[in-house]
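After this come two complexes, each holding subunit A, first together with subunit B and then together with subunit C.
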Partner chain A sequence: MQYQSQAVAKPYFIAAIGLFVGQILFGLILGLQYVIGDFMFPEIPFNVARMVHTNLLIVWLLFGFMGAAYYLVPEEAERELFSPGLAILMFWIFLVAGALTILGYLLVPYSGLAELTQNSVLPTMGREFLEQPTITKLGIVVVALAFLFNIGMTILKGRKTAVSLVLLIGLLGLAVMFLFSFYNPDNLAKDKYYWWWVVHLWVEGVWELILGSILAFVLIKTTGVDREVIEKWLYVIIAMTLITGIIGTGHHYYWIGAPEYWQWWGSIFSALEPIPFFMMTVFAFNMVNRRRRNHPNKAAVLWAMGTAVMAFLGAGVWGFLHTLAPINYYTHGTQITAAHGHMAFYGAYVMIVLTMISYAMPMLRGRTAAPSNRSQVVEMWSFWLMTVSIVFITLFLTGAGILQVYLQRYSGDPLPFMVVQDKIAMFYWMREVAGAVFMVGLIAYVASFFVGSRDPEATAVAGDSAAA
Partner chain B sequence: MPPSAELTEGAGVAVAAESLYLVNLLLAPGLGFVLLLALWWRARAGAPPLAAAHLAQTLSGSLWAGILLVIANGLILLLGGYQGPNVWVVVITYFTFCHSMLVLLGAYGLSKALAGQCWRFPLVGRPLPAGCGKA
Partner chain C sequence: MSQAFTKAMARNIFYGGSVFFILLFLALTFDTHNAWPQRDNHEAITEKVSEGKRLWEENNCIGCHTLLGEGAYFAPELGNVFKRYGGKDGIKAFIMSRPKEGVPGRRSMPQFNFSDAELDAIAEFLEYVSGMNTANWPPNIQG
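Let's turn to the complex of A and B:
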């Protein structure tokens, strides 16, 4: 570790992994509720399990992004973090606020939680993914502002690189777009319209900048390829991300009451959205092919390569599958959307956070560059278990979605929603099994931090082709 | 040092071959293949190992893509038709998975071509020519 203040990243990473375990646990409960409707009812109703599953995902990814920034920025800026104390304080505030919110979801009926937290003063609750009480949202804003101040001051006072500036723009965008969660108009079309400014412009806009910069950082460190080469790729990738992603928001405007021209704008621009992900794949493999050294942390390189491939498949291919308006007319809100959501979130954001944790954690735990060989073997097992099972989850949900579209919306004699749900139950069972395998992979991932922790550090072998 | 030697001669043709393979799969099916075929025809005699390797892989990959994507769908249509919902489940899932795997081969091949390295497409590729060394 080059700078002592990078150590603040460690609690963020640990919290991220802990919340990740919680997210998957609720995913398994949720998956079972699809086929056993009253499973754990009334203790954990379906709507609560779903809310906890998605909210935990968002919160742990935010912890991951913050940890990544706290580790990455001092090295890029070539100076200590502006205020490590502020970073630790914000960590505890965010963790306690997050935990209280999740406990609130679980222990109090949602309407009661709204009353308890004075939602009527500034109503923001009740919208998918943004269910957090207003007070929690305000807390997120405070944490985000303090975080941006800390990171921004570090960058301003130190060396400015393309990697750190792209990261800063991405994080700034993340905070600015979140402000639209406070705008809650009565008109449902307007409500949806601006709701997507948070959801879409996060995951198909500014988060991609964060993804690109973290991937670039890890590739610079692990391949030894000239920074200039990697930065040129980064510029083109983020330009394509913003060109396609911003107007691509239109693919959410097809059926919400927005003007009809969005069907054209949304279709054309979102059809181009796979391009930056495709470029990211070529970029990552090209850098590894041109590497000047073999990094001893092969697991981190594997995660980086995996991110590029899975982000392209999940966000690019599975997004394109249902993004054109005439197709989306039939597929909107079916299990095809769920298939895309699962693989895209895992491929793009879960994997990039795990890439960064994999790269940084050995140094945060006092190693020079890499964990022991045994630890890496377990970690690589976890990579394959989680990645293969998410592919199967996606395929099963895609199958369920196609059948759902056909039976419910396309056939000459359309069937009611719940009848169709019964007919596609087999797919849900298979998805649940794949989800259980994912959990095994996640347990292996956690175990990799403890296995071989006293073994000597892995060293690079000349001519070793790493993960490529 | 990289695991295989970097080749510079024929890099332009190698990158063009991989790009046309991807154009055929993603942008202009048929047209991309015709242009790839023309590139192979022009460069086939005396092509440097790097160019020969990538031309062989992309041509073979494109032919396999035709078999896997067009002929397999044609067979399904002939044998069972597209009337049943289960046929749609199989066809769309198969097509999406198969097509994206072929695109990923092209993405990886393009990155190898950009890095000046030979690479054999797994399963659908051709043996590498002499002079490529260890890929």
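Let's turn to the complex of A and C:
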């Protein structure tokens, strides 16, 4: 670690991993409820488990982004963090607020939680991914502002690089777009239109800037390629992200009451959205091929390359599959959507956070550059187990989705929703098996932090190659 | 990438491209606002419908169902359920009849113990949604 204050990233990363485990646990419950309909009913109905699953995902990714920023920005700015104390304080506020919200979901009926938190004063609850009580949303805004202040002051007072500037723009966009979660008109067409300003402009907009800058940072450190080259790529990639992704929002506006020209705008621009992801893949492989050093942390490099490939497959290819309006007319809101959602979130955002954790954690734990070989072997096993399982989860859900579309929407004699669900149950069973393998991978991932921590190569002072 | 293409040029494409497409997006949004009155069935939004939407939200219906294709994929689409169930009474009867302990081995909607007025509000909200112009989506009555 070059700067003492980078240490504040550690609790953020630990919390992220802990919440990740919770997210997958609830994923397994949901998968089982798809085939054993009354599993845990009525104690934990599907809607509650799903809310926990998706909200934990969002919260742990945010923990990951913040941890990444706290680690990355001091090194880029070449100075200590503006206020490490504020970062730690915000960590605890965010963790406690998050935990209370999740407990609220699990222990109180949702309508009771709405009453308890006075949702009627400013109703924002009950919309997908934005289920948090209004008071929690306000808490998120406070944490985000304090975080941005801390990061912004550090950058302002230090060296300004493209990596930290792009990260700051991404984080700023994240905070600004979240403000639309407070706008909830009775008019459903408007409600849905602006709901996407949070959801789409996060995951297909500003989050990609965060992803790009973290990836660029890790590649600079692990490959030793000239910063000028990497930052040029970064700018081109994120330029393409916003050029395609902003109007690409239109692919959500086909069937929710907005004018029909969105079918053209949305189809054309979102069909181009895979381009920045493809460039990211080319970028990562190119930089690793042109590397000037062999970084001892092979696991981190594997995660970085994995991110580039899986983000392209999940967000790019699986997104393109159902983004054109004439196709989306049939696939909208089916298991095809779920298939895309799983691989895109894993490939782009789960993997970039794990890339950063993999790269930074050894230093945060007092190593020179990399964990022991034994630890890396276990970590790489976890990489393959989780990545291959998510591919199979995606394939099974895609199979389920194709059948669902045909039976319920496309055939001459469309069947009711629940009849179709019974017919495609086998795919849900296979998805659950793949999910269980994912959990094994995740356990291996957690275990990798405890394997071989006392092995000599983990504690030895490394040479030049580890200087980064 | 070649040396002729500099980092500064890449940066300018990023800033210029972003600003241009943000402005275009805002212009399209402005036009969408003008087009909504002909499409969004706003004249049907009564106080009862607003209450129905609040009940829809505060019971997290979106956690299982889709509404105009958005939400969870565990339970049927409800944007057109008013038409599928042939009116308000069908919707109310279904919600009321859900067994408290569920159905053995099967998916079941929870019993929410709504009052008759609340059931009415939810049904009217779903009636309002079914009147929106959604470019003929969903493809058929099954949703």
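What we mean here is this: the second predicted complex is superposed on the first by the 457 of 468 C-alpha atoms of A that agree within 3 Å, B and C clash if a C-alpha of one lies under 4 Å from a C-alpha of the other, contacts with A are read in each partner's own complex, and residues count from 1 in each chain.
Just so it is clear, a contact is a pair of C-beta atoms (placed from the backbone, for glycine too) under 8 Å apart; a residue touches a chain by one contact, two chains touch by 3 or more.
No experiment lies behind these values; they were computed from the predicted model shown.
*Asks:* After the overlay on subunit A, what do you see for subunit B versus subunit C, clash or fit?
*Replies:* These partners fit in the superposed model.
*Asks:* Using the superposition described at the top, determine whether subunit B or subunit C touches more residues of subunit A.
*Replies:* If we count touched residues of subunit A for both partners, the winner is C.
*Asks:* Put down the vertex angle at subunit A formed with subunit B and subunit C, C-alpha centres only, nearest 10°.
*Replies:* In the superposed arrangement it comes to 100 degrees.
*Asks:* First (subunit B), second (subunit C), both or neither: which does A:Leu395 touch?
*Replies:* After superposition on chain A, A:Leu395 lies in contact with subunit B alone.
*Asks:* Tell me the contact category for A:Leu403 with respect to subunit B and subunit C: first, second, both or neither.
*Replies:* First partner only, subunit B.
*Asks:* Touching A:Leu321, do we find subunit B (first), subunit C (second), both, or neither?
*Replies:* first
*Asks:* Check whether A:Phe285 is in contact with subunit B, with subunit C, with both or with neither, and answer first, second, both or neither.
*Replies:* Touch partner of A:Phe285: subunit B, not subunit C.
*Asks:* Is A:Val309 contacted by the first partner subunit B, the second partner subunit C, both or neither?
*Replies:* first
*Asks:* Check the residue A:Phe41 against both partner chains and state whether it touches subunit B (first), subunit C (second), both, or neither.
*Replies:* Second partner only, subunit C.
*Asks:* Could you tell me how near the closest CA atoms of subunit B and subunit C get once both structures are overlaid on the shared chain, in Å?
*Replies:* Least C-alpha distance: 8 Å.
*Asks:* On subunit A, which stretch or stretches are contacted by subunit B in one complex as well as by subunit C in the other?
*Replies:* none
*Asks:* Under the stated contact criterion, what part of subunit B meets subunit A in this complex?
*Replies:* These residues of subunit B touch subunit A: 1-3, 6, 85-86, 88-89, 92-93, 96-97, 99-100, 103-104, 107-108, 110-112, 114-115, 117.
*Asks:* Within their complex, state which residues of subunit A touch subunit C.
*Replies:* 33-34, 36-38, 41-42, 45-48, 50-51, 110-111, 114-115, 119-120, 123, 125-128, 131, 162, 184, 186-190, 192-193, 228-229, 231-233, 235-236, 238-239, 242-243, 246-247, 249-250, 253-260, 262-263, 265, 329-330, 332-335, 337-338, 408-410, 414-418, 421
*Asks:* Hey, which residues of subunit A end up touching subunit B in the complex?
*Replies:* Interface residues on the subunit A side: 278, 281-286, 289-293, 309, 312-313, 317-318, 321, 395, 398-399, 402-403, 406-407, 411, 462-465, 468.
*Asks:* Give every residue of subunit C touching subunit A within the complex, in rising order.
*Replies:* Against subunit A, the touching part of subunit C is residues 1, 5-7, 10-11, 13-14, 17-18, 21-22, 24-25, 28-29, 31-32, 35-36, 39-42, 45, 49-50, 53-54, 56-64, 66-77, 100-108, 110-112, 128-129, 132-135, 137-143.
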